[in-house]
Structures are given as C-alpha cells and as structure tokens.
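Below, chain A partners chain B and then partners chain C, in two separate complexes.
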Partner chain A sequence: MEPKEFKSSITERRKEVLASLGSLGAKIYEQIDKGYFPSIEMPSRSTENIYYDQKFRQFILGDKKVKRSARNIRHLKPFAQLVWTALFSYELTSQRKTSTLRDVYYSAQAYEMTFKDQQESNNIITDLETVLGFSREDFNIFPEERSAVFGDLTIRYTVPGYEGKTLNLTSHPDGVMIGPALTSSEFVETSADKVIAIEKGGLFTRFIEENVHKKFNALLVLTAGQAPRATRHFIRRLNKELKLPVYIFTDGDPWGMHIAMVIISGSANAAHLRDLTTPDAKWSGVWATDIVNYKLPTDPLDDIDMKRLYELQKDPRYKEDPLWQREIKTFMKIRRKAEQEAFSRYGLTYIVDEYLPAKLEETK
Partner chain B sequence: MEPKEFKSSITERRKEVLASLGSLGAKIYEQIDKGYFPSIEMPSRSTENIYYDQKFRQFILGDKKVKRSARNIRHLKPFAQLVWTALFSYELTSQRKTSTLRDVYYSAQAYEMTFKDQQESNNIITDLETVLGFSREDFNIFPEERSAVFGDLTIRYTVPGYEGKTLNLTSHPDGVMIGPALTSSEFVETSADKVIAIEKGGLFTRFIEENVHKKFNALLVLTAGQAPRATRHFIRRLNKELKLPVYIFTDGDPWGMHIAMVIISGSANAAHLRDLTTPDAKWSGVWATDIVNYKLPTDPLDDIDMKRLYELQKDPRYKEDPLWQREIKTFMKIRRKAEQEAFSRYGLTYIVDEYLPAKLEETK
Partner chain C sequence: MAQVTFEEISASDFFYRNRDIAGFTNPTRAIFAAIRELVENSLDAAESLKIPPEIYVRLSFEGEASKETQIYKLRVEDNGCGVPPRHIPSAFGQVLFGSKYKLKQQRGTFGLGGKMAILYGQITTHQHATIISSTDKSKIYMYKLMIDIQKNRPIILDRKVFLNKEGWRGTVVEFSLEGDYLRAMPKILEYFKQTAMVNPYANLTFVDPKGRLYKFTRATTVMPDPPKETLPHPYGVDVELLQRLIQVTPYNNMLEFLKYHFHRVGEITANKFLAFSGISPSKNPKKLSHEEIVRLMHMLKKFKDFLPPDASCLSPLGEELLKTGVLKELKPEFVAVHQRKPATYAGHPFIVEVAIAYGGEIPQRGGFVIYRFANRIPLLYDEASDVSVKVINAMNWRRYKVTPDMPIAIVVHICSTKVPYKTVGKEFIADRPEVRREIANGLREVARQLQHFLSRREHVDKEKKRLGVFSKYLPKIAQFSTKLAGREKPPDIEKLLRSVKKFGAEGV
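The block that comes next holds the complex of A and B.
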C-alpha cells in the first residue's frame, strides 16, 4: 500500500487507520475462507530497495516486494507476530490508549505471543507500518522522548476526557510537552507566520524570555536534540496545514546539521513513510560560515566529527541544495564547531537581537 | 554561610538571593576600603569534609574552610572569576533572565573574563552556591534537561509577562514542562493528597490516560531519568509547602533505585545545599522483591549493575532504612532486573489497576 500523505483531519485519519487495520484482517480471513494459506505482501525495506526521491525530497522504497506466508514454516512466526501486532494496534487505536515500543514488547506476553527481544518486536512494528503505510504514532505507539512547543496557536484536543477542549500554547511559559494529546489535536487558530525549531532547551527558554514568539510572530518548537518522529510530524503539520515556513536552528556541527536535515528530508529508516518530512523547511544556522563570520568561540572537530562530515558529503539528501555542500566544505576547512550558546560571548540577547533576524532574512 | 532551608515565598526568596549577592559585594568593597586584600571564605567541598547527616538525612559539609584571597597570586584568578560570577548572577536575577551553565561559560567572554573550559566555570558556580548557601537555580542558572508535571494544582506565575496569571496543571494532558517559570511559581490550590514521581515518559502518559491523577488524587511528576535539580526542588516544595507525601516509581534496577534515592537524600555533589532533598519521600517500586512477587519478565544484571549494587550497599544513605539493604541483597541474589513496562505482560492497565494501589498502601 502507498504511504499516506497527511491530508485528512485527525478524527478522519483515526478512522482511516482503523479501516486499514480492519481490511488487513478481512483479507486474511478471506484467504482462509477460500482455503488458501494466508499471506501478506509489502515493499522490501532492504538497502538495495531504498532510493532518494527528488520529487518527495526524501528516501522512498522501490518496487521490490517481500511476502510473508503462513505456508512457509520460516514465515509462520513473523506472520503471526505481524497479525498480533495489527490486533494490538487496533485495540490501542479503537480504545484510544497509547503505548510505547517497550510496552508492546511486554504486552505480547499477555497474549502469549513471544518476541525474542525488543529488536524483533520493533522490526515487526515497522513491518506493520510498511504494510499499512501509516506510522506507528498513527496507531498510538509513541516514542519515549519528549520535546516541547510554545507560541500563539490554539489547539483543540481529540483525546478522551479532553474532546473539544482548547488550549493556547502560550499558556505555560516553559512550554508544553509534545505527546500523544498534542499531536492528535486539531489546529484552531494562530497569529504566527512562521515556525522556529530549536535544538536546545536553554535557547528555547531564552527565546521565550526574549519574546521571540511576539517579536517574530513565531511558534517555537524545542526538538531537544534529534527530533522524535512525533515532533517531526507535528512540524510537518504546522507547515502543511497552517502554511507556515519553518526555520531550524541547531548547533554548528555535523550533528546539528543532521538534526535539521532529518526534519527536512527524513531518514532512510522511514523510507516507507511519507508524513514525517518538511521538505521546504530551512536550516538557518549555526552554519560553518556563521562560525567564521560571527567569530564565534569554537571547539576543534574531532575524528568522529570529520568522519561524519565525509559521510554526509556523499549523502543524496545533502546534494539537493548547494548550501549543504558549501557548509560541509567550510566545516572541513576550518575544522572547528560552535554551539548555539556561543553567541552569549556578545551578551545573552545578541542571538535574539542580531543573529536571529539576520538569519531569518537570509534563509527566507 | 549556612545553606538556606526553603521557607519563604518565591518573591521573598528572590529578594534574599539578591540581598545575599549584594552583601557579598559589600564585604569585598569594605575590605578594599580598609586597605585589605579582599578575600572570600567558604566551607571546603573536598571529600574529607563531606559527611552524611542523620538529622538532615543527606550529605552535608563539615567545618573545614577554604579561603580565596586576592593577596595570593594563585587565588587571584578564581577570586576574580567568583566575583564576576556573582555579578553575572546578580544581573540575571535582578533582570529576571535565566541562563544555563553553558551560557555562563560563553557569557564570560562578553566581559573578557576567561575560563579555561566549561568545567572551570561550573566549579566556580558551585563555589558561589557554597558561599551563598543558595542553589544556582535560585540565581537563575538552570539545567538543560527537562521534566514534566500533570495534575490538579493551580500555580501562579512570578516570571515577567506572566505575573499573577494562573494555570491549572491539568490544562495539557501531555504534561507541562518543569522549567524556570514553573519552579518559580507560587502554589495556589490543589485537590491532590499525594505526589507520584515516575521515571519514564511512557508510564507517565499511561498514568494520565488511566486517570491516575483522579483515581488516586495525585500530582504526577515525570523525572525523565535522573531528576534534574530543579525537579528535585519542585518535588521538595510539593512535599514541604503542600504537605503532600511523595511516592517514587522507577525501573527495578540499581539505577532506578538510585533515582529514587537522589530525590530522597540528594547527592554528595550538593552537600553544600539544603533544599534539593525530600527525606520523607518513599521509593515505592519496582523493588527487587516485586520482581519476584509479581513474576515480572526480566533481564540479567550485568557486571556494571553488580558493581553499582556493591557501591550502594556501602553508601550511608542506603543504611537509613532496612528496606534498601533488603532490596540490594535481593537484587544480588536474583541477579535480575525489570523495567516498569514489564507489568504490561499482565495487560496495559494492570500497573494502574493492581500494582499501583498495592504499592501505595504498602509504602504509606
């Protein structure tokens, strides 16, 4: 099945997920009714079937398929595990309970379904994503990591006990958590005209204190390092549903650069999914050239940093825009990295007063 | 100066912090006026001056003092650094801006004050804590890590732009972040009669979904692993100001056990401070004996886990209550550990329906 683009409302999407799980079950029943061994077919996720797609500006899966059949004794266990995972996901989604990857692994034991280890159970969940074209967050399996958001956006909850209630995301000046309730909410109203995603908690707090949300009409998203998938999906929704441009601020090193890239173009691991990327989002800094131009305090790039730069240089995602190659080359040349907090050398508010407006303009 | 017990209101406390910084400055001026080389004296934080105190049920500093004098050429740099840090802290606190350890390190450059590295700047901040008896969060230097809270507690903000505004902490069902705005708020009203602190995000979400806050009249705090100091201080305030008993739920392993212990009795690193502990809080599970009694799915304890258990066995904090020694011995005997999610083997809601009420009763 083709991965789903995010178009429908949250409630409709939940119905689609349930319908999709139901039809998977119906197909299996049908095969059994007809006297066949039931089987499930899905796109292969092996490396040679992963391509970078310029239209979607992300990795996608090619035409190779794999089939799990109850006829094949080696397939029998993963087939049963996949069907159980679909059942469990259906229960979660219809009862509107959320779960984690870890929980699913242990829950299997309540059904006398065995997984060798956590990795095996995670793989089967990814299989189910591939079969359905929905991501696990759609069937209520959430990551452990948490990030946060702040700014003038009013949301309307769809989770049990809160249906129809609204919250304005400026209500708590430390930010509200991005969890299942937030990501499943509908967007009601915003005065913001952009989204600023920030890697680090310290800077997120500084931006709130300095009223960046007001001065720049921005919604502020704290990714807290590599953005969890739910947060990437949330950023995509802000971009697609509210038509807000997205600017990403990270540390000035290969790891920060890649945090931005994964928000923009996703990861190879999610080549079977479509709604975790924001191709038009911009990496606004800290660039290697910013380190030079702003004379920032730096640390040397170590061997692991350099190795990472060589990997990124060859990555198709980094060939989309000449900006990336230029910055990679500059990093390699100066062999230095700088953190977002490095701007404090010019005073605590310099980053908000000088750097931020300059970079928003430059990457518009 | 003796570490400060938390007694006063937030606004008064801020005044005390500023007065304390002011009087430090005044003392230095006075010494210079009288023609002396200025000096600052503080309790020594070296290992041989750290004692476990049974009254406070935490580590404290002994009577040994160290002196930093501008007369001693080797002291001159740390003396200047300490005075600068006091100045910067005064600016932060009086302007009500927050900062991070990292920010302080870089900010020094704006004043042409040099620190060799981050560690040197962190040490000087701890010196300032020791001199004043206030913790760095009191002078607005916050950690990067974030945790969260959910439940029926109405708070009143004291941060600029939000003074006097209130928020009920059930407003956002994913939880609100514990940051500078939350920790500096006043507590207005609560219907809760206990606090439940939880190590992991997945369980925190499960507890909210299963209405633990209503069923058990509880405020839920997510520590997100080892609780950041601001969160430990917040838990202490809930316990001291609102007289709420605190129950802590962690993974069943030496690391989870120690997360609970640090909330209860603090760390040796904070022996110079008094308001980060909650001595009456209870570690309610997952105990080693729970692993046995509830027949939980487990993983083996590895060498690092075992080494940690031997360390904890000798730690004075673990000699306070026979419970700790019993659990350490049981871990050593069964050589197994279990995560909180392991209860999912009995169904997703078992932990809330069966385990939680049993353990709250047992550790009352």
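The block that comes next holds the complex of A and C.
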C-alpha cells in the first residue's frame, strides 16, 4: 500500500486555542475598564442540562446557562481562579510547555491563588473547558494516566526541541506513550488501513508480538482500561484525519462494553466538549454472544455487574444500535462474563488467527 | 447516776463554739474571713461619710504555729468615720454590739464580723487586739483589748489618748491570728479584685507576708448616694417587731400608730387598711391582745394596697459605677449593665444589678465566670448553692446566641436592707422566688444587649471579611486579564471597590 501524506490540524488548533484564551482576557479586561463587575456565562453542567444528542451521537449540554460574576462574593474566588487558569493555559500553550493537573494545583500557589485541593483545581479547569469549548489537553494540561500506540504511522513533533523531527510508531516494541508530545504532533504518513483499540496491556503486547499490525495492516492502541481523554481525542484524529476505521476489543463484561462506548459516544462528564468521540468506531468484542459461540471459559456476573447492566440498558447511548441491546440482554440471560485472555484455552495464537479476523469481518 | 446540768452561755461563747457558721471554719478560711470582715467595716465607715475609701491591709509573718499553719499579724487601716471612744471597747470586744442594726443598706448587719476575727485571733494566739481610732480630728484613742468569752465583755488592757496633730480620721485594727496564708492567698487576692470591681471609687492596698504589694486603684471618685434610714414596711413585720413598736410608741390610736411607724403608710392608706381589717382607727395599740397582734400581722400581709417600699434606704451601685468597676477589673471588650427597679421580698426592699462582660481579658474556660455580690460584698464561697448561679444555669442562653465556651463574665449584685443570706458567714444567697425573678429579668436584659453586640460585631466582621475578599481577588482578576488580553496597564478597579464599600449588601 502507498503511504499518503496528510494535512494536520494541530498547528491550526493551537492558534484557535490561543485566540480564544486571549479574547476571554480581553472581554474581562473591558468589562472592568468600563466600571462593571466582570462576568462570564457558560453552559450549565448540572445533570438536568445534559442531553444525549442523536446527531452528534454523544452527550451535549443544553441551553441552560450559569453566570459567574465578580460581583457575587461566592463567585469571586472561583472567578479569579478561572482567569488565572486561563492565563496559565495561555502561557503553557504559547510556550508549548505541558503540565499535569497536579502541576496546575501547585503552580497556583505561586500566585497566591491557592486551590483548596486538587478537586477544586480540576473543577476550575473543567469550567475553563466549558467556557471556551476546548478540552484541557488543548491547553496542554494532561492527567497522569497514559496509554500507548504501536504501528506504522509516522508523526512529526511540534513540541519544542523536537519540532520537525519525525518518528515512526513501530520504532519501539513496547509502543509509544500517548503523551503530550505525541498528541500535539502532526501525522505524516501511514500504511495502516485500520485502528484496533485494545483494553488490556497484556493483549496489546501479544498483538505486537504476533505482528497483528502487519497481518491486519493496523495501528494498535492500548486504552489501558477506560481511555483517557487524550487517547480518545487521538483515536478520533486517527479516524477523522487518516480516515481509518476503528475496532475496539474489550473484555466481555458490562465494564468492557462501556469502555468501547465511551470511545464511541463520549461520557456525560465531557458533555461540554466536542472532538473526543469517534461515533463510527465499532465494538468488535468480546460480546456476550461470542462467549456463547466460542464457548469461552467464564465467571459469573455478580450483583454489581448486573446492576450496571440495568443502568446501561436505559442509557440513551445504548439505544443507538440494536447490537447493544442484544448484547445486554444476552449478558443478562447467560449471567456470565469472559476476559479477552479466555481465548488462550484454544492456544495462544487462536485469538489472532481465528477470532480477530472473524470479528473484524463481522463488524466491518 | 449521771447528772444533767443546765447552763447559760453568752453570745460570744455561742459563736466561739459555733465559729463555723460565721465562716471561721479552718485556718485557711479564717484568715480570709478576718481580712474580709475588717475591710468591710472599713468600707462601711468611709461610705457612711461619703468619702472615697482608702484602705491599707498588711499581713505579716510572726512565726510558725504548726506544720501547716503560721502566726500572722493583721493590720487594717482606713480613713472612715472612726469609732467614738466610749464605744470602742464594745464595738471590738462584745459580740452582737454594733451601729448597723438600722433599716438601711450596709455591709455589716449582725454586729459580729469584726469581733469574730478578733475572737479567733485571741483563741489561736492568746494575744490582745489593738484598736486606734479618731472621729473628730482632735484626739486619737488607742485601746488594747481582749474579749471575756464567757461574759461577752471586753477586757481593757490598756488605753491611751494622743493628740491628733496631723488631723487624721479613721480606724486602725491590729491583732495576731493563726492561719494558712499560702492556701488562702488565691481567695484573698480574688476578694480584693472583686471588691475593687464593685467599689470602683476605693483605693485598696494589700501587702502580703512575702512583702508583695497589691494595689487596686480607684477609677472614679463618684460614689453612690448613701442609703437613708427607713421605717419597717408593713409586709415585712413580724409579731416580735409589732410588740416592740407597741411598747415604745407615743401614739394612743391605731391611725397614728400605723401612720408614723410604718414605711409607705399615710393617712389614707392607714384608714383603708383599718376598714379592711375591721380595726377601729381610735383603738389604743397598747390595748391590743396577743391574739389581736397576731391577727394584725396577718392582715398587714394580706392587704394589697400598700405601696411597695421605696428604695431610698438602698444604695445600689448604679449602672455607671458598675460599668466602671467591671471595665477596670475585668478589662472586657464589651460590657452591658442593667439595674432593676426596686422590688421586695417579705417586705424588704431590694435591688438587683447585673452586668455581662464579654471578651478582652476575660478567660475562655468552657463556662461563664460568675461574680456574685451582696451589698457590694463579693461572695466567694458556696457558689453552687447561690440563687444567681441557679438562675444562670436555668437560663436558655442559646436564645441569645450565647454559649458557655465564649469568654463571658456575669456579675450579679443584690442590695437590700436585709440580704437573704443563708448563713451569718454571708457567702450565698437563699433562693427566694422574688429575688430569682429579678435576677432572671436582669440577666435577660443584659443578655439581649450582648446578643445585639455580638450580632453587630459579626456583621461588621462579615463586612470586613467581604471587603477583604473583594480587595484580594479583584486586583488579581484585573492583573490576570490584563496579561491574558496582552494589555500593558491594568484596568482601574477602584470604582468597583468603592461600590462594594457603599452597597453593603451584595447584588447578584
């Protein structure tokens, strides 16, 4: 297959982020200059204002707005914290530095802007996301959790010190961490024609050993459990920019199923954000019906698992595709669950030789 | 066979045997009680002339008495009215002799206190007391006395007269006694402090056996009006008193008898009462039978139209002086004082004065600090039995947003011609419903004022804090947004801060 060159959105997006932060500053500056108490309006994130949107196929925020005003004494401190966070993000983004959520919490102390705790600073960052409609990763603020990618994709770094350098993502056999440097890089070329996302590290390593990336022409992404936002955004970019179909493999239980769902349709916590979902991605397994069809070794579903199933059954995201309801019902019927590793009962390569091609075909 | 013998004992013998009831329970209590009794006599003596008291007390070490007790010499000097020379021996050497049996408010009442101290000194050290006094600025008299306990008579050991060259007036009492000063010290110092609190016009000096000087300096020379002597009120009489009055009265009809011997009884009231009780106005009181006297007493108590006793026989401290005293000795952040209108119990007029003090140097100790006073005497023992303490404990303080963990001192002062003491030791006040009601009402009033103060202060604090929040964060918002907008000069926030100050309440 001929490698293609792609135009990346990274540089563009950074410009947009900086402009939007700057105009927030200008708006507040002007309000004060005119003798008004500055205020900011943003969509409410309370549960009554979270809706599932059929068109976007994700949760979105409704029309309800909340106003933060510096006239209100209870808003005053969070308001100042928000402006500080905006300034901090501006400096990070323009200097192309990154920082963790924890860093933000500590950096504030240098400005006598102490946050009560990590939770408070996380909340303010979410506020800023809501006000501007960008996610914290756009402001170069990352959580601690990391996941990885492996496969034939060449990227070009934009981080200072590495600007312009390229890297092929097969260059390290453990995969390359999906961190700030990777998510801020531009895609140069790839020979892959699909993305396979995997929940667990063990299977990710096995797939690399078994040359799944070559055999199936695939980029392998390790979500390491529930995929972090940066990883979800990264998967979306692979899907949108490289036009690669995405297949997700998880454990065969309600929790695995939901890992796939969050990659596809997002979470309620991120209802204020776009560009974190990949609506066309597919959950390829392990399904409840796979457990039956492949006669996998299983464990019983416990009460918590069952409770989760009932919750998911009512969730609007699970009403999109009849597949979900069918699988939920099957889980409820068989009351069993199976891990991805369960295929080892048929030999270590069975999952790669038999199961994977079959499921890729089935969910195409 | 055992023989039963009967004997009479004298008043001094009685109190010698029962010195507990006068407060001379043990060496610690005794030394405290002796100082207290003499200081109170001195205060009375100065106040009777309405001159600011100047009292000097010295306790000096004389020698060891036992393992735990020592012999001390106590000397108390004052600038009071002095004692007429012919009365000196009895005033200091005869129990139940005194000048204060009249119906007006004074500290002394029983004619006992000073003598109990001297008596205690005499039985513990077998030494005489020395009294030096001058009333008229021309001569000074000095007596050396002992008390003949069995006969209740003074024994004069020596008597001297000096020329009063410097025009001194006052009294000096000096004698030795056994005691335990170290143990008594906290109470003695507390006694001086509290005495200074309710006598803010007095100078008190105390030199203790270690030579330490404690000085309580007056904060004012204003003194309360001295009490006037008064007639007995009809509600307060008993058969004994009626009989005594009938014996001495020069009047030979009931109308005049009532009119001239009783407080608050005029011609009209007397006639009304006589009609009410069916006694002829012209009846000669001396002709009343014993039964008639008993009936008269009951009718007097039953009749509803006597005006309550007026309070001119009382000498309360007054709100101003009480406040001065509390501020001087407790140094609180806030004090509220309240004087109740005169009231009566069993025909005896009394006035309750209360104060509540908050913050400043008042300690926070998980309960109110309670100061009890009667006729300007601090009451330091038996707090738990006192009526004020009962009222304070029964009160619903939470209604006034007051909690025991606040630094609060409560002062209750009762003045009366007859303070309802439970004992002659004058340590706590009996629980009379009338007294209880007055204390409770007084406390409610000052508690309300305290609540008002606290909520005002809370408001001011909140305002300050509010302003603090704005002045902390507005400049930051201005500073951050200036940088974020890429501007040079931060916007002017003064206008916003001014409007925060002006409109106390917050708009949204």
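Just so it is clear, the second predicted complex is superposed on the first by the 356 of 364 C-alpha atoms of A that agree within 3 Å, B and C clash if a C-alpha of one lies under 4 Å from a C-alpha of the other, contacts with A are read in each partner's own complex, and residues count from 1 in each chain.
Following the convention adopted for this analysis, a contact is a pair of C-beta atoms (placed from the backbone, for glycine too) under 8 Å apart; a residue touches a chain by one contact, two chains touch by 3 or more.
What you see is a predicted model; the values in this text were computed from it and never measured.
Trainee: Just chain B (first), just chain C (second), both, or neither: which does A:V83 touch?
Mentor: second
Trainee: After the superposition on A, what does A:I304 contact: first (chain B), second (chain C), both or neither?
Mentor: neither
Trainee: Give the label of whichever partner, chain B or chain C, reaches more residues of chain A.
Mentor: Looking at chain A, the partner in contact with more of its residues is B.
Trainee: For A:A26, decide between first (touching chain B), second (touching chain C), both and neither.
Mentor: second
Trainee: Look at A:N72 in the shared chain and tell me whether it touches chain B only, chain C only, both, or neither; answer first, second, both or neither.
Mentor: Once the two structures are laid over each other on A, A:N72 reaches chain C alone.
Trainee: Have a look at where A:I178 lands relative to chain B and chain C in the superposition and call it first, second, both or neither.
Mentor: After superposition on chain A, A:I178 lies in contact with chain B alone.
Trainee: Return first, second, both or neither, reflecting whether A:A110 touches chain B, chain C, both chains, or no partner chain.
Mentor: Touch status of A:A110: first partner only.
Trainee: On chain A, which stretch or stretches are contacted by chain B in one complex as well as by chain C in the other?
Mentor: none
Trainee: Show me the residue ranges of chain C that touch chain A in the complex, using the header's touch definition.
Mentor: Those residues of chain C that touch chain A are 466, 469-470, 473-474, 476-478, 480-487, 491-493, 495-496, 506-508.
Trainee: For a test of understanding, state which residues of chain B touch chain A in their complex under the given definition.
Mentor: That would be residues 97-100, 102-103, 105-107, 109-110, 142, 144-146, 148, 157, 159-162, 167, 171-182, 200-202, 205-206, 209, 211, 222, 224, 297, 339, 341-348 of chain B.
Trainee: Which residues of chain A touch chain C in the complex?
Mentor: Interface residues on the chain A side: 21-22, 24-26, 28-29, 32-33, 35, 37-38, 69-73, 76-77, 79-80, 83-84, 86-87, 90, 111-113.
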